[in-house]
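Each chain carries a letter (A, B, C, D and E) given by its place in the written order, and its residues are counted from 1.
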């Protein structure tokens, strides 16, 4: 009984906390997790004798990070120029992918014929390894930023498509009946009922999409590029600079967390009723 | 008024159709789409003069397909052995990734501390290009199927994690109140209310996961493998056999559609109340 | 859920019988349940409603009252029979009709005021509402709650907001499914009076489902008594009590007791068949 | 939504006053609305309920009745005051309590029978139910609907299923939030009688919220009349009418008219303050 | 006047020292002397370079027979002509862990041999070599794809494979990571395939012949420079592309890292044939490779020309070597 009451009390105290939760990123527990991670890294390198060409020493990685961060933003050695290049491609790609995903997902949810027409191809397209279709992408979008943006868009498109489709279909029929009884147009029903209703799931798709857009830009750079974080990694690999690879990976990881934070922040602004709705 | 009535009538007729919709794949409209696709392919090759080392002629691809399909299943020339190898790795990886995604997503949805602890790292991990962490994966999981399975699992993990987390959190508070008023344990509330409620969104995650698992297995094969569809593609690329590459891509695309169909079929079985619920 | 059979005959082919706004003719509705079994919700219902009439429907729970209302609202297709609204076959929701649903059905992402004003923002052009919304909120005791979100309201307050929403557009025909069920007696009486006032002022056609026999007699020109499933019409009783009616007067009217007893008797008979 | 202040005093420190099952002492509840404004839902309510008592609560819509019930059920934390159940501070839901919510709240993925049987499958070990579920379904007229899904039921049938669910576990204390609101008069009367029978047979403690003054008087040992928001207790009226009561008898009892008039008067006064 | 920018396409994912002799002409002033400046484009794959060259996206591209010959065989050759060979065969070797019992190629019978992947050229080439030695490459040995770079070295270290058949810069990468290798002595008969070439479209030959000669000469000078003083070449390379150095490395460490990755490659800048000018193309390489891949080709004239070689070599090589010896950076 005591246990149960405790669980119940903690369940109660969970609710008021939720509006805050979504925006906070620097929670202490995450930092503790980081500390554990770094400590086990150090332990792995030193105790398990993992050779540094597999898992470099933390200090070497810190040095590598420092060499790329503690320079002028315009330095060719810095991470800033490649980051900017990768991020700007990823941002454009993400915008296109998310936009297309939302539009096509909405059309699929609204019109069954479109679902039948598009859905199989969306799945077929996503099943193709980007590396293998790179030549085609390069032909269509050029060797420059175009193909990076295209791959970024292609990767971020899919989760938004699936989640917006699923979310838009999962509206309570009563709400649709309400709009129908008001002779609302399809667009009105979509805008006023379906879209807000699907918002949490569209945001979940967006959450994945930003990460995949970043990944898409990097993957595209691996297929051949002049600049970008993918180039930084490839170049470090070419001289077996494992610490350099790790430094770049850490930057990408942090970037992923930051992008996730931005999406959650936007979600908290938009889905304001979701955090504390009760009835 | 006539328009409106028509829309309304078609909206009405939409509902009864829905239980059927989810399982059917061979809808005529998809076949029409396919025909349009193939025609524009032929037109592109012939009219736009896209060289065949980028976009091969359909007949060459058909020939390549035939050469891989019209053989004994045990033939080293056939697609069957590599397909089996890729699919079995992808299946194991998908099972692991989906399982982990569901378990960790559930833990995150249930316990806020776990969310705070895990969420940033999940995003950081997903932001890392698999190609760049391949050496580490290979070191940990070996040169055989292990690392293929690992990458497959890593890719399929993420959408299930995010969607199960989101879906489990999006339960109507009234239903939680009901379970609380019955002094139900967390596990009971999870099993009886949250999981069924999140099912459509977990299935959407699963839908992405199967495709990503396939993709993961292929990508892993690109990084070094003895057999599999990735090897088929690499070998075809090596001898500039673009038709062969396309044949393999078509098989992967069809596979993606089939996997999607399987997931939707399972969903229709499990989420039986979703298709025709009305109140 | 069978489809209604949509024929392509011209719309005005079936002219409205003189002075009939809603013509229900041998209307049936059969649901196919998840297990495949057929549930006969309505069986060959016939009923004509004239413009400006106030009709109340009573009947045991599950007898098909909500189903009838959904068919009239054009939200579901019927299985058999004919259903004309203003001489036109009902094939979907019409702008002329406002609906109060059995559940309040407010949108959680909008404030109460936005929820109530929703009918004025969708479904084509509308006459400007002026302070209509505010007046409705005031009448239903929600004046202070316009800027709150639905989850901040009590069950009864949500139901009242739902009523405001249905009245916002001032529709020609008002279909109400147990609108006052979740309200306390006094609020209920006040809203009954308000509804009577609205109806007398601009003579809407109202079909109201209720479980309260006294409410039905107080409000209605005609009380329709339905049988247990499959729903049929047991009686169509005229209420000859003059308007405006008040709760204090009506109980004294000789017809009141007679009608109440008759309705109660009909329902009671049902009840026994039902058990 | 303020947190209740959880102190670490030992559980039995505040012994139950003799023969009091639910002790409500200066209980207050303040909601913080989305806009940040405070809504005082309950203000310093004090009330003791003895084991086996049948208490009905009436009050204007939005006065805090559901809030009180949620606090008693341990579903929400209170802002101030004390709340003891069987001598123990209420800090969360208890196995002893069954709740009927204002909305039916059935799980759409389960059949009606599974929904009704839910309390017997969760929350620890339970005595075997035998044909209890079937009996409950029969009494509420849902015998034929056990294998249907909630969306296949009418609004009233859903509400009845919700009542069955609350009775399934045979809890010591039953909290009911307008359980009969969506029912027709006859079903309502039948369920009132059934509830009285259940209560008389095994003397549960029942707290029932209702909008019907006659229902309150018919069922209750004590009728609690609440004021408009912030909810306070206006009157705590003893109903001395002997049991078992029937609807035909009770209207003839001299106390009935007196009590009804008194409650109506109290609520009426409220009503005017409210407008 | 501004030197004109020339786009040069290479088949790398990202620029690195593998193409050092093609690019350091920029740092050493050779490009300026010829009146152009270089814009190097890492296009990812040789197939991409082929496309970019055919389409005129780059003026000059890197051509390789493994891409070119199948296209020629299918009659789809886009018309580009190779005019300078900047890397000569033979760049493949077989490495074993230090102290391995395997001492020669013929010891490999019954062993597991690693290659990067089954699409990479070391696979057919090594098979061919083994065949020439009397082994059946399909039955007597088994093949394992172990990926690029460090993982391949780890596979060898862990005994996943007994020997690693790999390429020059790949070995450089593995060694740079600190994994020791020992190499089996090359057999006498190795197929002379795998050269790398500069190519341009016929239109460029007509309109911009001097550019092609100038670029060829710059590459030729740089090759001589690197052969004379690899460390100086690495320094020049790092001056152009400081970001290709290991992160946080000192200049010496950086030079060492660059050299480690390309020291085996630099040796291939000089023709392995007697009496051959730098860059001259030997048609026999094409024939060998075509035969290896079972391509039936008669006429290779469409693929290459040696007509610019004399002009390209028209410079004072001794002076370049002296410059290299004296290079300070």
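Everything below uses one rule, namely that contacts are C-beta pairs under 8 Å (C-beta built on N, C-alpha and C of every residue); 3 or more make two chains touch, one makes a residue touch a chain.
Values in this document were obtained by computation on a predicted structure and should not be read as measured data.
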Go through the assembly and pull out the chains touching subunit B as well as subunit C.
-> A, D
Out of A-E and A-C, which chain pair has the most contact pairs?
-> A-E
Rounded to the nearest whole Å, what is the centre-to-centre distance of subunit B and subunit D, using the mean of the C-alpha atoms as each centre?
-> 49
So how far apart, in whole Å, are subunit D and subunit E when each is placed at the average of its C-alpha atoms?
-> 85
Mean-CA-position distance for subunit D and subunit C (Å) | 29
For subunit D, what residues touch not just one other chain but two or more?
-> 34, 74, 92-93, 95, 103, 149, 152-153
Pull out every residue in subunit E that's touching 2 or more other chains.
-> 47, 51, 149-150, 154
Considering subunit B alone, which of its residues make contact with at least two other chains?
-> 4, 7-8, 11, 54, 135, 139, 174, 180, 183, 185, 222, 237, 272-273, 276-279
Given the complex, residues on subunit D that touch subunit C span 31, 33-35, 39, 58-63, 65-67, 102-103, 141, 147-149, 152-157, 160, 177-178, 181-188, 190, 211-213, 264, 267-268, 270-271, 274-275
Along subunit A, where are the residues that touch subunit B in the complex?
-> 4, 7-8, 11, 14, 17, 21, 25, 27, 29-30, 32-33, 37, 54-55, 112-113, 115-121, 123-129, 131-133, 135-136, 139, 158-159, 162-163, 165-167, 169-170, 173-174, 180, 183, 185-186, 200-201, 203-204, 207-208, 211-212, 214-215, 218-219, 222, 230, 233, 237, 245, 248-249, 252-257, 259-260, 274, 277-279
Over in the complex, which subunit A residues touch subunit E? Could you list them?
-> 51-54, 60, 63-68, 76-77, 134-135, 138-139, 142-143, 221-226, 230-232, 234-244, 247
If you look only at subunit C, which of its residues touch subunit A in the complex?
-> 70, 73-75, 92-95, 97-99, 101, 103, 105, 107-109, 118-119, 121-124, 149-153, 158, 169
Once bound in the complex, which stretches of subunit E touch subunit A?
-> 11-18, 41-45, 47-48, 51-52, 57, 149-150, 153-154, 169, 173-174, 176-179, 241-249, 257-258, 260-261
